[in-house]
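In the two assemblies presented below, subunit A is common to both, partnered first by subunit B and then by subunit C.
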Partner chain A sequence: MRRGLVFPVTAGAFAAVLPLTLGLNDYYVFLVTLIMLYTTIVVAWQLIGGLGGQLDLGAGAYHGLGAILTGYLMVYHGISGWVGLIVGGVAAAGVAFIIGYPSFRFGIREVWYALSSLALVLILQKIFLLWTDVAGPLERYIPYAEFDPIFMRSGYKTFYYYVTLALLAVTFIIVHQVRRNKLGLYLQSIRDNEEAAEMLGVDVRKYKLLALMVYSFIAALTGGIYASMVGFYHPILFDSWISIQTVTLSIAGGLGSFWGPPITSIILLTVQEYLRITLGAVIIGLHQVIFGVILIFIILFKPDGLGPLLDTVALRLGLISKASKRA
Partner chain B sequence: MFSADLFTSFIQYVVLGLMLGGVYALAAMGLALLFGVANLINFAHGEYIMLAMYMTYVVSLGFIQDPVLSPIVTVPVFFLIGVLTYLGVFKRLVTAPPLSQIAATVGILVLLRNLALTIWAAEPKAPPYTVFATSVSLGPLTIPLDKLVATVVSIAALLILYFFLERSRLGVAMRAAADDVEAVSLMGVDTNRLFLVTTGISMALVGLSGSLVMTFQAVTPTSGLLFGLLTWAIVALAGLGTVRGILVSAIIFGVADSLASGIWDPRGREIFLYGLFILILWVRPKGLFGRR
Partner chain C sequence: MKAVEVVNVSKKFGALTALSNVNMFVDTGEIVGLIGPNGAGKTTLFNILTGFLKADSGVVRIFGDDVTNLPPHKIAQKKVARSFQIIKPFPSMTVLEAVMVGGYLNTSDEKTARQRAIEALKMVGVHHLSDRLAKELNTQQLKLVELARCLATQPRLLLLDELVAGLTPSEVDKMSELIKKLNKENGITVLLVEHVMRFVMNISDRVVVLNYGEVISVGTPEEVSGDHKVIEAYLGTKTGR
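Right after this comes the complex of A and B.
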């Protein structure tokens, strides 16, 4: 077996049997699935953020759109969640195009891009809050089914675990492939120096837009899975916290590093969930205070994030190949 | 069709919006000052305002009684918070790329927001009513006195800041730094100290505006996000220019806010405000009074 495959295959094999080690306990499987859903967004964010250098805070918008549309089709039209996922994904990519095209056209960058994508989360949340036919102020409950894989509804959380695992794996493969081919190089050139890239003939707008649309599609899928798993939807799922969490985990993991952000994400989210279970009942929000402090320290004292560190360790242990350490 | 009632209520909302604009201008001024002079992107600006609002709540509940008097405490405390933030975090960020500045201040955002959640929980908190919590009638219009006081104090503070920037040596150094930091540094100004004072003043303004906002509003841990986006939107429209530029664009947002929540739906105001924000970025990336 190629050296570069050792780590992914080991991790994949571990992930495949993880629910069994948790004794198929619905609560634990639910938590692990949640961590993996958020990690999927972090991995997808690498396209626009880690590679493209655009600090996108719109994850909550796309996640929410996927959740609402998937839920809406399931509740009101009895349409299978699988169809809902695709509809949500396409809608999110469409919104990303509508917002992204003028933004990139008018050269909106850095803090202004970050702010306008964050504004999108709140705009969509309020639109769906006022749109009472679709979402409205009340929670809408998705009909219960003990196990209906065709409708994508299951009382057993393990079902969602494997759906999420598949999505995470596909997202890993997409990001890995993008990094290896020209698109990845174009995006990195945009991140490092947009003017220079443009002068050398890179179609900056097109590649940024492409990265944004793929990322928003995947973020919408995580939303659809989430809505079906928790069994309801509500405009509150347009959650600015998801945006902030995605960006902070990615930066803490190291922008541009391949394994850094997902590993950091899994570690920190697990710590966070653990603290939530143990401390959350006592003091709400304390686990995230710790989260904020960790982030500030990482940026101030290790601006490249934990990625390079993790990559070096993994390389020493022969878990990954040199190729995936690149950039 | 013209209706006298509709016209009166329209004027009423515009007047309320003008007053709101004065308060928003003060809230955005600290952000514009820090961004303009020290070139620091403070993503947690809204969270600092939220913290000032909570401090007003605590102070006026504890020993001052009336929130109108709370700036006596919040302004000096926030100046100190500004100094500490600069020494602890911003000092290392001055020369850092924008991405690192955003990342580190997002860290502060996460910290403050959850600190507020930890200490005060998610329910809205409001201080006791001020003695000004009444309104006067002016012909067909109703002027709420608490908002009027907040506006007058805000405008007065902006005027003082304006003369400080125009007349004092420190103010001139700040304006010069906004134009060209290196030249200022070559002229013998200690930029490190200049930025320290700038952060302090920025936060003192935050403290004052948080107190004034609290005279007519409640606070939750998510208030920070709202004020953060709003103040950034005002700075985007003003284009980092002057005190006057901030005032004009804050009034535009104040009136838009008041009209959207009065005539349409209070829940829809954010759609309107943030939509306006995105449009401004598209149409006028340098703002109305832009310098860069």
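Right after this comes the complex of A and C.
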């Protein structure tokens, strides 16, 4: 087996049997699924952020849109969640296009782009709070089914675990392929120097939009899975915390690194969930404070993120090949 | 055929006239130098030629096609490559990857892009730096890599904005040889903005002189350096070197 495959295959095999080691305990499986869902967003964000260099804070908007549309179709039209995922994904990519086209057309960059993408989360939340035919201020409950894979509804969290695992794996493969081909190199050239890239024939606007749309599509899928798993939807799912979490985990993991952000995401989210369980009820919000402190320490002592460090460790252990180490 | 044709191009920044009714051309196969004192409008003209700025009026044609106000990536498609006055490297990439960005023009095939990049690196003589990162290179190497990046797009027209600024005299001479070679052997037309007279007078077939946004003289390097208008505007002001 190629050395570069050792780590992903080992991790995949471990992930495949993880629910069994947790004794199929629904609560633990739910937590692990949650961590994987957020990690999926982190991996997808590498397209627009890690490679493309756009500080996109719209993850919460796309995640929320996927959740609301999937939930809405399940509740009001009895349409399978699988269809809902696609509808949500396409809608999110559409919104991304509507937001991205003028932003990139008029060269809105850096903090201004970050802020306008963050605003999208709040705008969509308000729209769906007022749009009572679809969402509104009340939680809408998705009909319960003990196990209905065709409708994408299950009382057993293990079902969602495997759906999420598949999505995470596919997202990994997409990002890995993009990094290796023209799109990836073009996105990196945009991140490194937009004008130079343009002069070499890179249609900057087109490639940014493409990256943004693929990422928003995947973020919407995580939302749809989330809504079905928790069994309700509400505009609160347009959550700017998801946006911020995605970006901070990516930066802490090392921008442009392939394994850094997802591994950092899994570790830190696990710590966060653990803190939330143990301390969350003691002092509300304490887990987030500690999480923030950990992030500050990472930024202070490893400003490049944990990616290079993790890569070196993995290289020493022979888990990855030298070729896959390089960003 | 004319490689570049600039017809009545004007550009204002607020009250400042950067270019007023500029007319000039570059024949296919020529090396033309564009000179003038600081603020004469040389880089503005380059930015209009390559689509980074829009002209207020006038027409720009490249190899006969009207390219006025096309965006830069569309102009690159017309087989035009440009280097920048202030180098714009891709710091996170290896030299080979950076040059491959150019190699991907009009192809999505990785092998083709890599092949073009390797050829371009060999042409400028920095093939041995392929695996280095941009941040590890010195100024001369960065300039050569930037040139290789241009060549990987397989241009017919090369626009060089102060390519040799910051280089030592011997490095300048090497660069002259290289540009001459690219012009003769690869048939690449060259238009260059330059302050280093040793370089521009040595390699240009013709020189165009801009002052306050107007063309004040055109001719061979000898003719231009004898033109009293040029001496007054440019050499006489002691802003030249």
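Operating definition for what follows: the second predicted complex is superposed on the first by the 327 of 327 C-alpha atoms of A that agree within 3 Å, B and C clash if a C-alpha of one lies under 4 Å from a C-alpha of the other, contacts with A are read in each partner's own complex, and residues count from 1 in each chain.
As a convention for this text, contacts are C-beta pairs under 8 Å (C-beta built on N, C-alpha and C of every residue); 3 or more make two chains touch, one makes a residue touch a chain.
This is a predicted model, so every value here is computed, not measured.
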What is the contact status of A:201 with respect to subunit B (first) and subunit C (second): first, second, both, or neither? second
Is A:192 touching the first partner subunit B, the second partner subunit C, both, or neither of them? second
Subunit A residues contacting subunit B in one complex and subunit C in the other none
So in the complex, which bits of subunit C are touching subunit A? 50, 52, 71-73, 76-77, 81-82, 84, 88-94, 97-98, 100-102, 104-106, 108, 110, 113, 149-150, 152-153
What part of subunit A is in contact with subunit B in the complex they form? 53, 55, 99, 102-103, 106-108, 110-112, 114-116, 118-120, 122-123, 126-127, 129-130, 240, 244, 247-248, 251, 255, 283-286, 288-289, 291-293, 295-296, 299-300, 303
Name, in rising order, each residue of subunit A that touches subunit C in their complex. 180-182, 185-186, 188-189, 191-193, 195-204, 256, 326-327
Can you list the subunit B residues touching subunit A in their complex? 41, 43, 89, 92, 96, 98-100, 102-104, 106-118, 121-122, 221, 225, 229, 232-233, 236, 265, 267-268, 270-271, 274-275, 277-278, 281-283, 285
